[in-house]
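Chain IDs A, B and C follow the sequence of writing; residue 1 opens each chain.
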Amino acid sequence: MTYQFDFGWLLPYMTVLLKGIGITLQLILVGAVLGVALGTACAWVRALGPVWLKPVVAGYVELIRNTPFLIQLFFIFFGLPSLGVQMSELTAANLAMIVNLGAYSCEIVRAGIQATPRGQFEAGASLAMTPFETFWHVVLIPALQRIWPALSSQIVIVMLGSAVVSQIAAEDLTFAANFIQSRNFRAFETYFVSTLIYLALAILLRQALSGLGWALFPKKKA
Amino acid sequence: MSLIAITEVKKRFGDNEVLKGISIDVEPGEVIAIIGKSGSGKSTLLRCINGLETIDGGSIMVAGAQLLPDEVHLKALRLKVGTIFQQFNLFPHLTAGGNVMLSQMVVKKTPKPEAEAMARKMLDRVGLAHKFDAFPEQLSGGQQQRVAIARALAMQPIALLCDEITSALDPELVAEVLAVVKELAADGMTLLMVTHEMRFARDVCSRVVFMHQGRVHEIGHPEDVFTAPKTPELRQFIGAQ
Amino acid sequence: MVEFTLWDILRNLLLATRWTIALSLVSFIGGGIVGALLLFVRIGGSRVARLFAKGYVELFQGAPLLMQLFLAFFGLGLFGIDVPAWLAAGVALVLWTAAFLAEIWRGCVESIARGQWEASSSLGMGYIQQMRWVILPQALKVAVPPTVGFSVQVVKGTALTSIIGFVELSKAGSVVTNATFQPFTVYGLVALIYFALCWPLSKSSQMLERKLNVAHRDH
């Protein structure tokens, strides 16, 4: 093997790499917040919402969960413009992540809602709350608390999956890696380093989410 | 010579010393009840005797052979001593007959026809010959526990350890299990049982051991232990029952 | 300009779907074998071996599959081999699948009650006998639904191999799009084909899961 490992090349590309990390973080932040919000709304529909809306949401969830994220991304970025919906690479990437996480978190949140003891709904009703008020004030927070670990795992999975947005030229960490290796011809080291960065991001994200869980559900601290 | 000789046995979990030097000698054919509050160490003692827990001090001899925590010695011990658990622990993927046959075939390498004959005999002994092909989930708790007894007996042990074997049963199912145990005792099986059934201990056992805070607090003939307790702890324990 | 009928598009996509299916099967079977080895190391190996298996799982679950594909593609190339895309794709997907299956199966083995270990060891069984006769028969039953469920992730995972140039369904989608300039139709069809492959797997996983839960509740 004549190939020599060398990581000295990294320094000049530091800004490119940092910018890529920034975009990846921005994508997962927006994706997680809006995706979980969308998922929660869908979970409400599937568990307690109007009957006519249920099959629509069920179809959306099944469609997304049974197709690759890459194809969802391509459909949004390349396919939708032919319907007159134009958007930037970054917007398309954001939208794809929201739609993707929305479907997965719908199922996760729904499991949390279904695990709610019936007595909670009955207690809400007997206090003259509407079904939605009961859901919003009584059911939702404990349900989210119940499924927080599963939701956190899913968010990390979506973050790792976001590597493919580089394929529509959204300038995330993988895009940066592709750019660097096209300049220095050191593909293996470049991807090795970016893999390590992804590993670190996954660990940090996991920590941040578990910290957020503590902050959101303070009762658990005891 | 004693069948089971427990000498100065100590066991600790972290900082918590659960057994603080236990000595009991069990003679062949004896039926011994171990009573005491939860946390007194009685279940731990039983788990030490069949090697599910390793001891931190002292020694346990079964039929003259020392209990050592390596696979060869443990296997030899477990061929001599059977264990019945509170939660039955039947294998859910096997029928009652399969439960009784499995270890004979796998451990003792008994040929299948003989293992099956033995299984039928043992299930008959606990009154469940007709349940040979039933799966555990189709049996009541009392029936499951009787299959567990048959499973242990099929290995032809010289002694049985019973760890609160009626505690997980509905009250109306306790009697059928105790009746089986009583018959075993009458047949001369050596039994060491942790139990909460005081009347049973009194009627069937040859000796009663009262454990308190990791020690043998009192030991004696059931008549003496139950009618003339020597220590306030035992008096309080009996009074609370 | 040549006109492409819907049938032309669909036929080309379906031809490429064969490779998606082939790669999925290879990844799933290969990953299952490597995953089973990992599982035994993880639960029955020496301390060092267990640590290795744990590290392996965390590494492959914590890094993007796309990066793993790049590393396989360019990493194998370091040995001076001219790596065909299918080889890199197969190797990466097998290793990735193995990590997930090993972890799923470990959960199944650990879900078997401790009493089963205790009862079988009280009957004189050794570790291998316990595994063979008592633990695995029960764990396998529990493992079927999540394993089938994970096969969906494998099928979807194969889409990423298009990025290193393996011509399967997704890559065919891009090629056909470039020829027809009908991205909406083409990617819509690609999505539907993936859906047709994955949805039956998802559904059967759910049904098996439900059946298992009902069986458990009847105790």
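The working rule: a residue touches a chain if its C-beta (ideal position, glycine included) is under 8 Å from a C-beta of that chain, and two chains touch if they have at least 3 such contacts.
Please read all numbers here as calculations on a predicted model, not as lab measurements.
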(message) If I average the Cα coordinates per chain and compare with the overall Cα mean, which chain comes out closest?
(response) C
(request) With chain centres defined as mean CA positions, report which chain is farthest from subunit B. (result) A
(request) State, to the nearest whole Å, the distance from the C-alpha centre of subunit A to the C-alpha centre of subunit C. (result) 21
(message) Counting only Cα atoms for the centres, state how far subunit A is from subunit B in Å.
(response) 54
(request) List the centre-to-centre spacing of subunit B and subunit C in whole Å, with centres computed as mean CA coordinates. (result) 46
(message) List the residues on subunit A that touch subunit C in their complex, please.
(response) 1, 3, 62-63, 65-72, 74-75, 78-83, 160-164, 167, 174, 177, 187-188, 191-192, 194-195, 198-199, 202-203
(message) If we count contacts the way the header does, which residues on subunit C are in touch with subunit A in the complex?
(response) 59, 62-68, 70-71, 74-75, 77-80, 152, 156-157, 159-160, 162-163, 170, 173-174, 177, 182-184, 186-188, 190-191, 194-195, 198-199, 202
(message) For a test of understanding, state which residues of subunit B touch subunit C in their complex under the given definition.
(response) 50-52, 71, 74-75, 78-79, 82-83, 85, 87, 89-93, 102-103, 106-108, 137, 148, 151-152, 155
(request) Could you please specify the touching residues of subunit C with respect to subunit B in the complex? (result) 113, 115-116, 118-126, 129, 133-134, 137-138, 141, 218-219
